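Below are structures written as structure tokens.
Below are two complexes that have subunit A in common, paired first with subunit B and then with subunit C.
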Partner chain A sequence: MIAIGIIFFGALVLLFAGINKEEARLKTLASVIFGLGGFAIWAESKNIINTDQLFAWVPSGMIAFNPTAQVISAILAFMAMIVVNLMPAVNRKGMDIVGLMMFSVCGGILMVGAQHLVVLFLGIEILSIPLFVLAGSEKDSLFGNEASLKYFLMGAFSTAIFLLGAAFLYGGTGTLYFHEMLLRTSFSEHFGEFPVLVKAGLILVSVGLLFKVSAVPFHFWSPDVYEGSPNRIAAFMAIIVKIAGFAAFAQLLSSFAPMQGWYSTWMLPISIITVLAGNIAALVQNSYKRMLAYSSISHAGYLLLFLFQPIQENFQVLGIYLLSYGLGTAILFYLFDKYAKSEDKSVNIFTGLAFSNRLDALALIVATFTVAGIPSTIGFIAKYQLFTSAFTSAPWGVFIGLLGSAISISYYFKPFRVMFKTESDSQPSIQFSWSNACLLILIASILALGLFPVVLNWIF
Partner chain B sequence: MLSIFHSLEISHYIYLSTVLFSIGLFGVLFRRNAIILLMCIELMLNAVNLLLAAFTEYMGDMQANGQMFVFFIMVVAAAEAAVGLAIIVMVYRNTRKTDVSFLDQLKD
Partner chain C sequence: MELLIFLPLVLALVSALGSKWNRWIILVFALSGLLILTGNFNVLAAAIQEKSSFQTIVDYPWLGDAVHFRLGIDGITLFLLLLTNILIPVISLSIKTDKRPALIPLMLFMQAGLNGVFMAQDGLLFYLFWELAMIPIYFMTLLYSERDSYTTTIRFFVYTFVGSLAMLASLIYLGTKSVNGSFAYSDLYNVQLTLTESIWVGAGFLLAFAVKIPLFPFHVWQPNTYTYAPAQGSMLLSGIMLKMGLYGLMRWYFPMASESIDFYQPIIMILAVIGVVYGAIIAIRQDDMKRLIAYSSLSHVGLIAAGLFALNKSGFDGALLQMFVHGINVVGLFIAVNIIERNFGSRNLNELGGIAKSNRLFAVLFFMVVIGSVAAPLTNGFPGEFLLLKSVFDYNTTSAVFAGLTIIFCAVYMFRMYQFSMLGECNSDTEDKTIPVSELIPLFVVAFFVVSIGLFPQWYMDLFQNSTTSLLQIISNAKGVLS
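Moving on, here comes the complex of A and B:
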């Protein structure tokens, strides 16, 4: 809650403060707001501060953060801070883009803490509506227009499906609170049969959320939208929507835990198809950005493998995976944005990178290792924990997941083939800049968390 | 008034709103004009509103949770329509049409 308050009021201040200023000048203020919000909610999860009194007016039980949900909210805020700091600002006046990003993060945090269907719905909408605008923030680009319109139509469509499911769940259980839904479903488990309204509602609500996290039968919009939107917004969408969507999905499914045997029968095929189709489609992509989009689809598949089992006890495995995914993806989008200046968007943009810019080359290697799950990075720890905890309920799913990771190596490592070719005779020059400092911090944290996973226990 | 409500079974309301929802769904899938797509999405949302109102009435929910949900859906639908129409105007300025057939440039 405290993070939503800080980021929301911070966004208002920022919008007014930045009316006539260049975006780059207020970057520091924006990252202070994100950092403060993220730190506050993390401190709350560690009982360093307590803000229950401050938010006593919130109807009890509608929004509730358990400690892991608080850490995931903090990850959301810090990821937004990383995206704002790492990627270059647009060259025009006004802070509207960063302001909209902040409102979007507020919606994401609301989704993570939602314990009531109305709050979950509002969270999804507050997350999405700013993103429709952001995707089209380059108003003159036809690709941006297409991305924005496509994202809007798909988002509104999936919202409608989600809402029909929510209405069915309300009709089937008679409540909108997640904890009461858990009671009702355990009750009907006792009688042996689940009401058909609840089953239909759960399917429709899941379809709505699967659209948002771009799982495979509902993924067709995401590569186009990522490719058409500006790079910064694409990175933001890939990271924030996925973190918030999966945290909310996990909370929702865990309130239908007694039906687990039933919903895993259709969740398992979806996750297997997502892993395979995402990885195989990424293999044949020419554009590096489209490849990143398909790789994020395959990550959604690994996460779905984990979702359909009892989650309460190892909710933090989800948090660790989302953290590693976010760190790696942010760096890869930054490097793509930096080097894709011409028409060529394939991996050839990285030709000779190892000689022209050592820091960026190191960042590319580390980030690729972490999204591919190579040991010594946090990506390995995350994937290992995810697969070991999914193994008990879905051994075949884990097997497909490992196969998918093996396929993914071949497209993730494509840049390495051209990276060490000397083509440019430009002098290696690394001057200090704010983005380089951020990049160093990110590389250090990926390696530190991978080599000393004990730190994760301290974070979560 | 209440007796009119209860003289029909709840299943009729479920069928009616499912049919309305499907009309909207097929409209979204098969129509080509972006403004009509927006109208179809509104129809889907209104089908959900009808269903929520009927469920609240039939379950005798004293707190009227479902009917509160309807108001939230109406507000969000208005916000969505505002953003959606703005996006359609932006597209119209660049392409001089509101047809979704323009949504196929991002294929490689």
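Moving on, here comes the complex of A and C:
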């Protein structure tokens, strides 16, 4: 919880500092704050520090992190740090982008720790409202404005559905605490049926969250919004929103474990359709960024498979998958941002990359491998654990997931078609820069975690 | 023994960092695997003597409790490790580093993967190395193939990847059924499956292996990949990669899904025999030498798969010996084609001829490889092919008759290739050009094996005799569960 405090106050400072400082200068401060917050919450999960006394005034039980949730929160903060450092800043004065990102991360952490529907709602809103602004932060861009408006309308719509569901759940159970809801309705289990209000409420709340994580058929906003937003905001959305959304979703559903058999009857089809639709739609995309958007939808499909098993026991499987997804996606968005300077947004932007910049070429290969789940990268470990743990409860889902992974090869590998062509005459030159150092660390961690997954036990 | 995996990886990194390497340094790099093997002589000697199969030699926890970094060794593994680590230096000798710098690191990377595949004693680790061995060959083909690289390679990759994922699904299924979810080799084959389960699990394994071998209807990726891949890529693919599929059948499919063997045996037999005849007939009509070898390889491995599925001692022994021999011969053929193409600018049979006139030594060496492939007695092809045909005959006479056609067909296309390229009249391209002797060094190594296996097959067979017996024992025990 101390992380929320650190990042929140850091965000306030940066918001004011942003008025007359260039953003590039604020980067260092922002990374320090993200790093500090992330480390604090990770240290808490390992019992290195203990801050329970500091937050004794928070009504008990509304926010409660289990150790894995704390690690996921730390991942959130570190991913934000990576995005801020990796992607080049826009050098304009009066920018408050980093500050807004920090507020958004605060909301994300709140979502991960929420044990109460109102706190979850607050988290979603704190996460989303800065994003509505950030999506349109390139004020001159028509597409940016479209993305912002679209995201805002969809966000408002999904929030309304979520609130309606929350109201139903409250009506059905008389409490807003996750873990109490089913206890209050336990009497009805004798009749083998759960109250209709609880069922309807759970469906509506889930739909609200499915909007956030862009699962089919609630995904239509995401390719447009990703495409219109500035690249690093798109990366931020793709990573942070998905991590926070899934962690919160899993926390919520873990309290509804007795209803698992019931909710998997309608959520499993959603997962299967998401995997198939995401992958097939990604196949036909021309723009690399739209392809990334659809790939992120397909990942949502794989992640949904996680929800049909004993969630609490396997929580770290989710964490590992989210970590691998975040690392890979961050690199791919960074590379897209670096090379998509002209009108052309297709994979042709990577032509000759292997000869003009070897580090970026390596990064592209490693990141592609990790999102595609090819062994030797953390992506494989994550996918393997996800599928193995989900196998007993949803074998067909896993089967479709494997099929989806096979399909995904043909679009993930598209850049390889052009990157080895010797068309560019530019001499290979790699200067040391902050982004390159970041990139190296990311590549190293993807490979190290993939080859020595024992390290994961130490992180989680 | 884990050095056999890690040292090539490190050397791959080292060679990737520098750009210009002396070919002798590369040879030393490539020889590292063989050196480690000889260094571990005691372990290997014990493995050959050992009556029980597949001793664990390395065991670290890798991912939780379920998956261990577990390597094992027995005669079968040892034999294939020898094949890999002998062929890698041979292939490395044929590389011209100045033009294709990335080949060396990719090849060493692949060596690590291949050594891992043959030693892996844990289902997930096997899958991991299986894919690791595939990645370098993908990039080799992508970077240096002659034309149409993307379509060829993506077809190759998607085909093999779909197969691998099916295998992963089977492994995960077995893993969830095994004690404590462990992926250890012995835990996996102790899983009891019903017939239906076993058929599905077996289908996953078979798809992966059939694509890799390749068996008849799954071979679509093969001719183009072999033809357009760089020469070294074709050598690695046909010489060693194929053997992964055959090894997988032997070590993983039969024990894991033994209940389904009776179901799949006739199907695979028919497919394998069709592949034998089909590959041979198509090879006869080819003018592109590499394509010819690709189809001949399809025909040869079909016979090996048929021998394996006959499930008797002579089938297993013959298959293993023939895996080694086919690896040696096909690499020899590709090296010869590579030499011809490099010196005479073409590998099309219509544009060649008369090379033997001014290159006597090359003609002799090439001919040795050719008769080795034809399986003439006293060359290395003969003992293995004889054992294989005998085992297929024991299984079913009709299939043996058709499979036996391979010897005739093979003579037709191999001698046709030799005749049109080496003999006859010279044309303007082939006149008065001599091949430098230094290029022939790898062929000497190949020729050594052609003669020595041909004359003393038992020396080589003694390496894996005990292991095949115990593996067959395991399979028949497991089959006995149901029948």
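Everything below uses one rule, namely that the second predicted complex is superposed on the first by the 451 of 460 C-alpha atoms of A that agree within 3 Å, B and C clash if a C-alpha of one lies under 4 Å from a C-alpha of the other, contacts with A are read in each partner's own complex, and residues count from 1 in each chain.
Methods note: a residue touches a chain if its C-beta (ideal position, glycine included) is under 8 Å from a C-beta of that chain, and two chains touch if they have at least 3 such contacts.
No experiment lies behind these values; they were computed from the predicted model shown.
Aligning the shared subunit A places subunit B and subunit C next to each other free of steric conflict.
Of the two partners subunit B and subunit C, more residues of subunit A are touched by B. Looking at the shared chain after the overlay, A:Phe420 reaches subunit C, while subunit B stays out of its contact range. By the touch criterion defined above, A:Pro453 lies against subunit C but remains apart from subunit B after alignment on the C-alpha atoms of chain A. Of the two partner chains, neither subunit B nor subunit C is touched by A:Ala17.
In the superposition on chain A, A:Leu402 contacts subunit C only, with no contact to subunit B. With both structures placed on the common chain, the touch criterion links A:Phe391 to subunit C but leaves subunit B unconnected. Contacts of A:Phe143 after superposition: subunit B is touched, whereas subunit C is not reached. Contact with neither subunit B nor subunit C is seen for A:Leu359 once the two complexes are overlaid on the shared chain. When the two complexes are laid on top of each other via chain A, the two nearest Cα atoms from subunit B and subunit C are 25 angstrom apart.
Contacts from subunit C toward subunit A in the complex involve residues 61-64, 124, 127-128, 131-132, 135, 142-143, 149-150, 154, 157-158, 161-162, 165-166, 168-169, 172-173, 175-176, 181. The touching residues of subunit A, counted against subunit C in their complex, run 369, 374-376, 380-381, 384-385, 387-388, 391-392, 395, 398-399, 402-403, 405-406, 409-410, 413, 416-417, 420, 453-454, 456-457. Within the complex formed with subunit A, the subunit B residues making contact are 10, 14, 17, 21, 24-25, 28, 34, 37-38, 41, 44-45, 47-48, 51-52, 55, 59, 61, 65-66, 68-69, 72-73, 76, 79-80, 83-84, 86-88, 90-91, 94-95, 100, 102-103, 105-108. Contacts from subunit A toward subunit B in the complex involve residues 117-118, 121-122, 125, 129, 132-133, 136, 139-140, 142-143, 145-150, 152-153, 156-157, 159-161, 163-164, 166-168, 170-171, 174-176, 223-224, 227-228, 285-287, 290.
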